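Multiple structures are listed underneath, in C-alpha cells.
Note that subunit A is present in both complexes that follow, paired respectively with subunit B and with subunit C.
Now for the complex of A and B:
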C-alpha cells in the first residue's frame, strides 16, 4: 500500500542496479534530505549545535568504521585514535597557513598513512588478535599525542584551531559549518553506497566472508584489507578535521580517548554491521539515548522524590552503551538497520503477509 | 641510578607482575576452553572487588569470610554469564562473542560504580603497611603477599589441569565436537571455566583493591592482563607466569628509568607496546601453541 507494489520486480538491468530501486525509497531519501536542509533554518541554535551537527559528524565517522568492520570484516577498537590523528594533523597544517581545503585532505592522508601502517602490521594476524593490536594502537597514539608537546602543546593543553574558510565561505558560523558537514557526510555516504556495487566492494565482501576463500578465487586478501584500512582511516581523518574545525574548534587529547573508540564501535554494532543506513541510526541512538535517559531519570527523581545519586546518573551512559551492545548482539545481531528492514519488508506488501521476492 | 634501586624496582615489579598474571590466568582459562578472549575480565575483577567490599564493609563481615563469599558469588555470576550470554553466541562469528564481552565490560564499568558510588572504596585485608626491609631494598608488604597469593593460585590452576575436571577441560579445548562424542558435557565445562576465571578475577580484584582502593580503574587491569596473556601465549597458563614477571619487571623498570626522562606515563605504554611487539614477532606468544592463521 505504502510502496504500491507486491514484491520487487525489475524489467531492466538498469533499474535493478540503481542505488535506490523503489520509487518510494527515492522519495524518502529526497524527503530526508530536504528536512536536513531546512532544519537549521527552523530549529533553535541550541538544537543545531547540540544535536544535529554532532549527529551528522558521528554518522560520518560510523560510516568510516562500518566500512572497515562491516564491509571488510576487520575489527578496529582504535578508531578514536585515527580521528585524533586527522584532527591534530589538519589543525597543525592550518596553523602553518595551509588553506582549509588542503589541511582537511592532509588530515585524512595523515590518518590513512598511520592507520594503514598499523593496519599492515596488525593484519599479519586477525580476528581476536587484530582487536587487541588496534586496542594497543589506541593507547600508543594517545600516549604520543599527550607526550609530544609539538603535537598537543603539552599534557593538558587544548589546541586552538584557526577559523576555516572553505572555497571562500567562512565556516566559523554554526549554520554554515552544519551545511559543510552535511555536504561531507553526503559525499562519504554516496561513496560508501557506490563502493558496495563496485568490484572493490565485492572483493571486500569476499574477504569479509572468508579470506582464504577469497584468495582462492584470485582476490589478494592482504591488499584489499590494507585498502580497506586506508579508505576507512582516510574517512576517519576527514571526520577528525571536521570535528576540529566545525564542531570543537579547540581540541585536546582527552576528546579522543578509548571511550570514543568504544562509542564508535557501539554505534556500528547497534546500527547494524555493514549497513549504511544503520550507521546513521546507530549514531543517533548512541548519541541521544543517554541524554534522553538522563533527562527521564532526572524527571523521575524530581517527580517521585526518590534520591537518585549523581554517581548513578553520571554512569548511566556507560551502563547504557554496554547494555545496548549486549542487547543488540543477543537479540538482533544485525542492529537497528535490520529492524528497519523488517518493518519495510512488512509494509512493502501490506496488507498481505508475504511477498514473492 | 644505583644498583639497589634497580633491584628494588625489579623485585616489586615481579610481585606486581604476579598480581597482573592472576587476572590474565582467567583470560587464558576461558580462551583455552572456548576459544573466546574475555574482554570483560578487568570488569569482573572490579565487580569481584566490589562484592568483597559489600560483604566486608556494608554487611560488616570479617574479610576472610567476605572474600571467599564474594568469590563464590562471582563463580555463580561467571557461570550465569556463560549460560545466558555466551552460549547464545555459539555459531555466530567469533567477533560477535568478543564484542559481547566488551559490551559486558562497559556495562559493568557503569553499573558497579553507578550503584555503589564512584568514590574510591577502601578494603582492608589485614596486611600491615610497613615495608619489609631486606638488606638495602624495601619490599612493599601488600605487593609481596598479593604476589605470593597470585602465584599460589596460578600454580594451583596449573595443577588443576591434571585433575579429572581439568582433563575434561583440556579435552574440550582440544576439540569440542570430539569431546561431545565421548560424552563430555562441553557446555558445563565451559561454564565451570567461566566460573573459575571469575573467582580468579575476584581474588585479583581484592588484592588490587587492597593496594590501590576499589573504583572503576580496576577494570584497566584488562590491558595489562591482555598483554600478559598474549605474551605468554593465549592458551598457556605456565606462559602467564613467565609473561607476568616479564611485564611486571619491564613496567616497573620503565616507570623508574624512563619516566623521569619523559615526564611520566610510560607505565601505560608498556602493555600496549608488548602487545604490538609480540604480535609482530611471535603472535602465538612464548609458550602458546602455534595455530594462528597467517595471511
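Now for the complex of A and C:
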C-alpha cells in the first residue's frame, strides 16, 4: 500500500542512485518540508521559539556528531566544546565588523581547526580512550573560555552578539531566524546524505568497521579519521554560530558545558547511530520529552487535586524520562530511526508478512 | 496493529497537551507570575525552600482577598537549568499572559535579559543573573531586587573594618569557586584593598568544589585576619568543613548569602558556631510576616511544602522576593488602578517601591528607575550553633565602589551587541 515499489524500474544509473528511490519517500520528504515551511506562519510564537527553532538547530548538531560517531565510528564527548568554539569565534568576528556570512564560516573553520588538532592527537588512541581524550578537550576549552575574559566577554561572562544580516536579510526576528536555520539544516542534511554514497563516505564506513582492514585495502585510516573530525567539527562550528546568532543572541560559557555534549551523544544514540533520520528523531526526543513530561505531570497534579509536592512534581518527569529512554533502547537498540524503518519495512510488503524472494 | 494503536494514542496525547495553553487568558481578575525554576539540576540547594516561601506568601495574599480583588497565580515549573527548556518555559509564560518571570538561575537570567526587554516582561533575578542589572537605566525590565554579589562583598569588608577599627596591614583571604560567579567579587575586593590598605590573597578551587583539601592548608599558612569563602551548594559546606579542619577560627570566616541551616547540618551545627554570613532578610519564624503565614496558610494545611522548612534562610528569601513582587503590584494599582495589567504596568509599580520593609522581614527597600538593587542593605549574621543571629543592624556600605563597577559593566553591555 504505502511505499509502493510495484512498477518502479530504474533504467539508468542516475535513477538507481537517487537519494530517495521510491516516489512515496520523495513525496514524504517534500510533504515534511512543506509542513516545516508553513508551520511558523500558522503556529504561535511559543511553538516556533520553544520547539521548532531549537529542534532544527539541535538536529543539525546531532547530524554533525553522528557523521563522526556513526559515520566514522569515532566517539566524541566534547562536541559541546566544538560548538562553543564556533559560537565564540563567529561572535567575536561579527563584533569586529566581519559580515555574518563570513563570520559564520569563520566559526566553522575555527572549530574545524581546533577540533582536528585535538582529533590528530586523540587519534593515536581508540574507543574508550578516545572518549576520555575528547572529554579532556571539553574541559580544556571550557577552562580557556572561562579564564580568558577577552573570549568570555568580561566579568559577567556574557557576550552579546551583534544583530545578524544574511545576504541583506535581517535575522533578529524569530521567523526569519527559523527559516535561515532550516536552510542551513537542509544543506547539512543533503551534504551528509550525499557523503554516504561517495568514496569518502565508503572510506569512512571501512574505517568505522575496522581500521586495520581498511588500511589493508588501501584506505589511509588516519587521514580519513582526521577528515571526519574536520568535517564534523566544521558542522559543529556552524551550529555554534546558529546558536549564537539565531537562538541565544547572548552567549555564556555555561551554555556549552559537558551537559550539551552528553545531550548530543544521547541524541545520536537514541536516534540511531549512523542514521540521518535518527538525528532528527533523537533531537526531538531528548529536547522535548522532559518538557512535555513536565507539563503532563504538572497538569495531572493540578487536575487530580492531589497534593503532589514540588520536589516530586519536578523529579517524577525525570524518572519517566529515564524509563522512556531505556524503554526505547530496549524495544529497538538501533534507535528511533530503526523503529521507523521497521514500520516502513512492514508497510513495504503489506499486506504480506515479508517480501517474496 | 498494537504498534499503530500505540502511535495514534501517543500522537493524540501530544496534541491534547498542546491545546489548553491559552485558556488562562480568559480568566479575569488574575495576575500571572511565572516561576520556572531549577528543581532538579544545579540550584537544587535553594530552589525547593525558596519556591515554598514564595508560594506560601502568595497563598497568604490570596487568602486575604488578593490585591484589589485580583488573585495572584504563581505558575511553578522546572527548567532544570537547561536553556532550551527555560526559553520554552519563558515563551509559554508569555503566551499565557504572565507579566513577571522569576527563573532563579544565572545562566537562564543571562539568556533572558534581551528577550525580556524586547517583550516588556519583568525579569526577577534575585541573587542571580547579571550584577550590573542593578542599573535600571540600562536594564529597565530586569529586577535583582536584592543585594548583588559586589554589594555583599563590600558589606563583609565593611563589617571587618567595623570589628578591627582599621584594616590597614591586615590580610584577607578570598577562597572562591573558579567560575565567573566565584570571581565576580574580586574587582570590588581589589578596589577596597587599595583603598583601605589591606592585602588580599585569592584562592580559586575547581568547580564544583567537592575537593578543596589542597587549598585550605595554604589559607592556614597565609595566616589571614579574615577569610571569605565564595561558592554555592556543595562547595560551601566543603569549604567550611576544610576551614574547621585547618583550625581557622570560625568567628573570622564569612560568606555571602549562600549559607543556610541545612548547610550547617552537613558541616556540624556545633562545629560551625561563629561563622558569618550576609543576611538580606531576617531568618527564623519570628518576623510578623512569617507568623501570618503560619497562622493563615500553614496551620490550615495549605502550605506548599514541609512545615519544618518554614522560617529557614532560603524560605525567607522566597518570602522576601514574593513580598517585593506583590508590593510592586500594589504600587502599580496605586499608579494605575484600572490597569491594563501588563508588563509595563507592573514595571511602573516595581520602580515605585519605596521604603518597604515587609513588616520587619527585610531592610527598608526603595527601588527607583535607576536603582533596581533596592538600596543594597543587608546585615551580617552569626551562626550560634542553632540559628543565625544578627551581628549588626541593617546597613549599607561601599556603595560608591559597587556602583562604579555596576556602571562600568553596564556601559560595556550597552556598547556590545550593536
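Keep this in mind: the second predicted complex is superposed on the first by the 315 of 357 C-alpha atoms of A that agree within 3 Å, B and C clash if a C-alpha of one lies under 4 Å from a C-alpha of the other, contacts with A are read in each partner's own complex, and residues count from 1 in each chain.
Keep this in mind: a residue touches a chain if its C-beta (ideal position, glycine included) is under 8 Å from a C-beta of that chain, and two chains touch if they have at least 3 such contacts.
In this text the structure is predicted, and so the values were computed from the model without any measurement.
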item	value
Subunit B versus subunit C as contact partner of A:262, first or second or both or neither	first
First (subunit B), second (subunit C), both or neither touched by A:152	second
First, second, both or neither for A:325, with subunit B first and subunit C second	first
First, second, both or neither for A:95, with subunit B first and subunit C second	second
Partner chain(s) touched by A:317 [first = subunit B, second = subunit C, both, neither]	both
Contacts of A:162 with subunit B and subunit C, given as first, second, both or neither	second
Touched partner set for A:309, first subunit B, second subunit C, both or neither	both
Contacts of A:54 with subunit B and subunit C, given as first, second, both or neither	second
Partner chain in contact with A:128 - subunit B first, subunit C second, else both or neither	first
Contacts on subunit A seen with subunit B and repeated with subunit C across the two complexes	146, 155, 309, 311, 314-315, 317-318
Subunit C-touching residues of subunit A, taken from the complex the two chains share	44-47, 49-51, 54, 58, 95, 146, 152-163, 247-250, 252-255, 259, 287, 290-292, 294-296, 298-299, 309-311, 313-315, 317-318, 343
Sites on subunit A touched by subunit B in the complex	73, 75, 77, 121-129, 131-133, 135-137, 139-140, 143, 146-147, 155, 211-212, 221-222, 225, 262, 265-266, 269, 309, 311-312, 314-326, 329-330, 333
Residue ranges of subunit B touching subunit A (in the complex, touch as defined)	37, 39, 85, 88-89, 92, 94-96, 98-100, 102-111, 113-115, 117-119, 223, 226, 230, 262-263, 265, 268-269, 271-273, 275-276, 279-280, 283, 292-295
In the complex, subunit C residues that touch subunit A	3, 13-14, 17-18, 20-21, 39-40, 48, 51-52, 76-78, 80, 82-85, 87-88, 91-92, 94-95, 106-107, 110-111, 113-115, 130-132, 178-180, 183-184, 187, 304-306, 409, 412-413, 416-418
